[in-house]
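Below is one structure. I have some questions about it.
Note that the chains are named A, B, C and D in the order they appear, and that numbering of residues resets to 1 at the start of each chain.
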Amino acid sequence: MKIGILTSGGDCPGLNAVIRGAVLKGERVHDAEFVGIRNGWNGLVEGEFITLDRHSVRGLSGQGGTILGSSRTNPFEGANGGPENIQRTLDAEGIDAVIAIGGEGTLTAAHRLTEAGLKIVGVPKTIDNDLEATDYSFGFNTAVEIATEAIDRLRTTAESHGRCMVVEVMGRHVGWIALHSGMAGGAHAILIPEQPKTIEQICEWVEHVRARGRAPVIVVSEGFLLSGMEQAHSHKGLDAFDRPRLGGISEIIAPLIEETTGIESRATVLGHTQRGGAPSAYDRVLATRLGMAAVDAIYAEQWGSMVSLRGTEIEVVSIAAATIGLKKVSPVRYDEAAVLFG
Amino acid sequence: MKIGILTSGGDCPGLNAVIRGAVLKGERVHDAEFVGIRNGWNGLVEGEFITLDRHSVRGLSGQGGTILGSSRTNPFEGANGGPENIQRTLDAEGIDAVIAIGGEGTLTAAHRLTEAGLKIVGVPKTIDNDLEATDYSFGFNTAVEIATEAIDRLRTTAESHGRCMVVEVMGRHVGWIALHSGMAGGAHAILIPEQPKTIEQICEWVEHVRARGRAPVIVVSEGFLLSGMEQAHSHKGLDAFDRPRLGGISEIIAPLIEETTGIESRATVLGHTQRGGAPSAYDRVLATRLGMAAVDAIYAEQWGSMVSLRGTEIEVVSIAAATIGLKKVSPVRYDEAAVLFG
Amino acid sequence: MKIGILTSGGDCPGLNAVIRGAVLKGERVHDAEFVGIRNGWNGLVEGEFITLDRHSVRGLSGQGGTILGSSRTNPFEGANGGPENIQRTLDAEGIDAVIAIGGEGTLTAAHRLTEAGLKIVGVPKTIDNDLEATDYSFGFNTAVEIATEAIDRLRTTAESHGRCMVVEVMGRHVGWIALHSGMAGGAHAILIPEQPKTIEQICEWVEHVRARGRAPVIVVSEGFLLSGMEQAHSHKGLDAFDRPRLGGISEIIAPLIEETTGIESRATVLGHTQRGGAPSAYDRVLATRLGMAAVDAIYAEQWGSMVSLRGTEIEVVSIAAATIGLKKVSPVRYDEAAVLFG
Amino acid sequence: MKIGILTSGGDCPGLNAVIRGAVLKGERVHDAEFVGIRNGWNGLVEGEFITLDRHSVRGLSGQGGTILGSSRTNPFEGANGGPENIQRTLDAEGIDAVIAIGGEGTLTAAHRLTEAGLKIVGVPKTIDNDLEATDYSFGFNTAVEIATEAIDRLRTTAESHGRCMVVEVMGRHVGWIALHSGMAGGAHAILIPEQPKTIEQICEWVEHVRARGRAPVIVVSEGFLLSGMEQAHSHKGLDAFDRPRLGGISEIIAPLIEETTGIESRATVLGHTQRGGAPSAYDRVLATRLGMAAVDAIYAEQWGSMVSLRGTEIEVVSIAAATIGLKKVSPVRYDEAAVLFG
């Protein structure tokens, strides 16, 4: 059996570990052959392939990025897009099945293609951890560790100058990175898309912290919305790729805090550093296990399914069930963290 | 309500985050008072207490060790030990209930004391991750990250000299740290207590790796047993505190590999660095949540219970159920990793 | 002898190590007493002091920020400013001499005060490493390590998406942080204030890198000037404290590159993370040695002097000589690095 | 001109950065060609070569180990050894000159070969920083950072259990790594080969620290000698490669401290982790500059010379002058640090 692998969408620490896990499991256990599909769906649409064997995955478990490259190509668009053309390309290359590693968009596209008869298994990839049907996705743990280290560093400079620090982390639609890095970093307030707050509420926390003689540290998701501001619109039409360009929300909040409270305030946008570089050990293990399980799903012919983490086990679930909605931070989890605010 | 907190047994990154989480949740939500019990059960037996309020826990979430100190005192031993004496000490100090943070021994003792009428809730602490009824325990993630970083470093020196590296990590009875750090570090063999192997099997892996022109990296749990050696006895009577002194197994295996295969081999015992220092963000979040949940369990009067992690949720379980046996690495998990060996 | 210590200006990893080194050396060798002056010169002007003894400096060598607090107060301004008032404040507090830790402004002020008869010794502090008369200043090494780690991370995401990354590091007037982190991180171009370049030259490098199939990584000092742009003015009136707010130059360059070359480009401003958090071992050793040497200079009555690093030795030099001009990156050092560009 | 490069002796973070710096500078500025000599002098004796061009050095600045491999072969030994044979091998391969990267032994051999007419330039490599004529050598800074991080971690576990920690770092003949990591880590005693101490003196420090209610942390060089013990002999016949196997001195001292003071004591041998893995930014910059300067020295035909660091500048010095003796820690530097002991 010849299996193609592609990585699609914004990159994420652990992509290479998934690829390595799949190739080693496939070659050793199932005697599979592999081929690398370049730049996500674009490689299938345009027919760009690279050899992918055990030598090409050597030492990849700890390497950031993706050796296959990535893109945002929609497989249903373009002259060579759509199920028929893609199937023709696969046949020409002798590819029997495909492992598609990507986020909600990629998985939904994969699912539609399987409905048209293509043989695809998905691996969920979202640094924001916003996919249902998986407890955690690889890359998230690394992003939280990096954000927490930055918050630790920013706290000392905040304390030295008696300033308020507003740290902007990734999370366009959900606040998981902010929630975890904020709890880990001892933030005095965590602002997430699921919980709009007024500037008054934020300043109340800031002043409460200041009253105790401390320097307020606020962690905010890039997708947080300030209640009563039309600022929501500014997010329109932006996607994962543009996020670090957005910056924005922390640079809107910091001056408002300074203006309202008189406390010198600074914004820091962590940006792309959260998604680059070597994956944490946690993400390497998770990604390796997902890659291995994806190959097993291929041999079990579970087309249209994806592999996921449940507790400590890797499971196979239907993509349809996994992509019904975003996994948001529940009020219960937010309130749990909010006890530590102010 | 006045709540006493104690930390018992070998230290573990995240102990201070548990204490901080408990104190902040207790003071802010339940209006509780806290008192610190010094050096584990010894503080209850000898009556050593320190003040514990929100100021004493400031900035603790990222701090290693335990501000309360620890010891291996058995609360049932000594002139002032036993339920009656301890209850008398608690009454004298006006302590209504106790949060006991510790491993299997500590939790079992806590459970026996609750059977004698004491009001105690447990928080599981085991760097080895060997407790049933919790998916992961705080400290484990940090240990795995530290061990993985060391394996990454040792690989480059192994490659430069064409040597075999045997890296010894913690794990006296179970191989979780070796399994995860070995998978993350791309080890060519992982040796754990649950899976005795012969030196011949180990050397077969080593030679297979060498035949592919690579430098073999082997990760071994301190508690691994070499099949057919009486070396098991050398472990007798050792406990978590003595472990780094043991060293040993890697220093037994490395020379045997060199002797059998002729490949220059080196042993490195990571030792105490795995359990010291700042906890990872993952462990800070887990420990903080467990501390907060322990206070809730106190107010729910769930004596004899402990808090634990299930998937992404914190649950309350009975200590009795949690301590029936060690959580071992299953053959399924070991075989999953073994695909990557050699 | 009673010695006051103050830290002035933007914070810098190593400030606490200087304080600790001075206090331990002073107490143990010279039997000195110490008092902490709060928030830089402001503490002398307004008379804010805190106790400073061996207990207050315990464990400080690895701690970021400054336990004394900092400010930008000019000691010659305000109703209570000026040599006479400050001397009166010192006499009232029984302070015999002062160790002033700060940058060019602080040291120049210290020098002027010594000319008016005050007993002050300086310790140079500049994260930008822009002070003459010292090979390196503490904080610089830490900033370079943090920036390099960020560049390493950003490279992988750049490669995955075939993008150009523009990383903005600190350095308002000199390019040392960019030069060192750029060389360490393997940047394809380093842009510093000492070497204005046209956007055409920058794009030439970018296209050359792209032609070799790689993702261009450009490191730029915040103070870099694009030849032929009036953008210089935008820097007016900004100081070390406002720098991370400036951001800017990378956000100007990245779109210009994308526009000119058609290569998707992203800007990342590292900001305050470079100056916060735990100092590197290098900076801890340097800062500790400087603090100890400052106390010796006090006992040698070398008023108006500052301690500095020359090769591997700590020397005492006159502040006047040290502050004649900024230590810029020489054309020789820039050309050395430029060999690696493109 | 065709230049061969070899790396000899124990590996060291930064070797690959030297190779990269040399190749890029040589190809771009001098239009040189390069060839990689495998496994140190052995490659010249046995004639093992690999291609070495800009593609083979891509991304090497941050990679640990050496892509050329290393060995301890003495170029004057063996049937194919000695100047004549080596010159013949070089002629056969068309190699005009050689860059030899190694420690004292390698440089001395290189010097002897140049006296026999071979065209060789040296680059000093010693993780111990024990070479005269260079302020610092690459690898040393990385080793100190790693050792300091370990000391930071070990302190917290020491404090939690009220134990004494004895941390053994590299340094067979000189104590630079112990001196710097001990100062950075706030050690209560630093034991180095240059300063033999009695166990009584060590225990006096330990008890003094304990009397202040703290947990003693002692950093010891592997080559430290306990006054009045014949233990010196145990070092006989060991070389850089065997060092981590030695362990030893900390495992001798810790039990003696426990026996004498009654304070529970533990030994940790950091071993190979100090010399493996990614170099620090400091070492990447230093190594890159040394590699570039070595190529210039080749074109300046400075045979028998080596490149070195003086202050902030790279200089060319004669190997003969550089290898007259070991660079030891001076009493002045030791006494400076000793102020912080106890």
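The rule we apply is simple: contacts are C-beta pairs under 8 Å (C-beta built on N, C-alpha and C of every residue); 3 or more make two chains touch, one makes a residue touch a chain.
Everything numeric in this text was worked out from a predicted model, so none of it was measured.
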item	value
Chains contacting each of subunit A and subunit C, listed by label	none
Per Cα centroids, the chain farthest from subunit D	A
Distance from the mean Cα position of subunit D to that of subunit B, given in whole angstrom	35
Inter-chain centre distance, subunit A versus subunit D - centres from mean C-alpha coordinates, in Å	41
Rounded Å distance, subunit C centre to subunit D centre (Cα mean)	30
Residues of subunit C engaged with two or more neighbouring chains	149, 152
Chains grouped in pairs wherever the two touch, ordered by label	A-B, A-C, B-D, C-D
Contact footprint of subunit D on subunit B as seen in their complex	7, 10-11, 15, 63-66, 69-71, 146, 149-150, 152-162, 165, 241, 244-245, 266-273, 275-278
Residue ranges of subunit C in contact with subunit D within the complex	21, 24-25, 28-29, 58-59, 61-62, 135-136, 141, 144-145, 147-149, 152, 180-181, 183-186, 214, 280-282, 284-285, 288-289, 292, 310-312, 336, 339-340
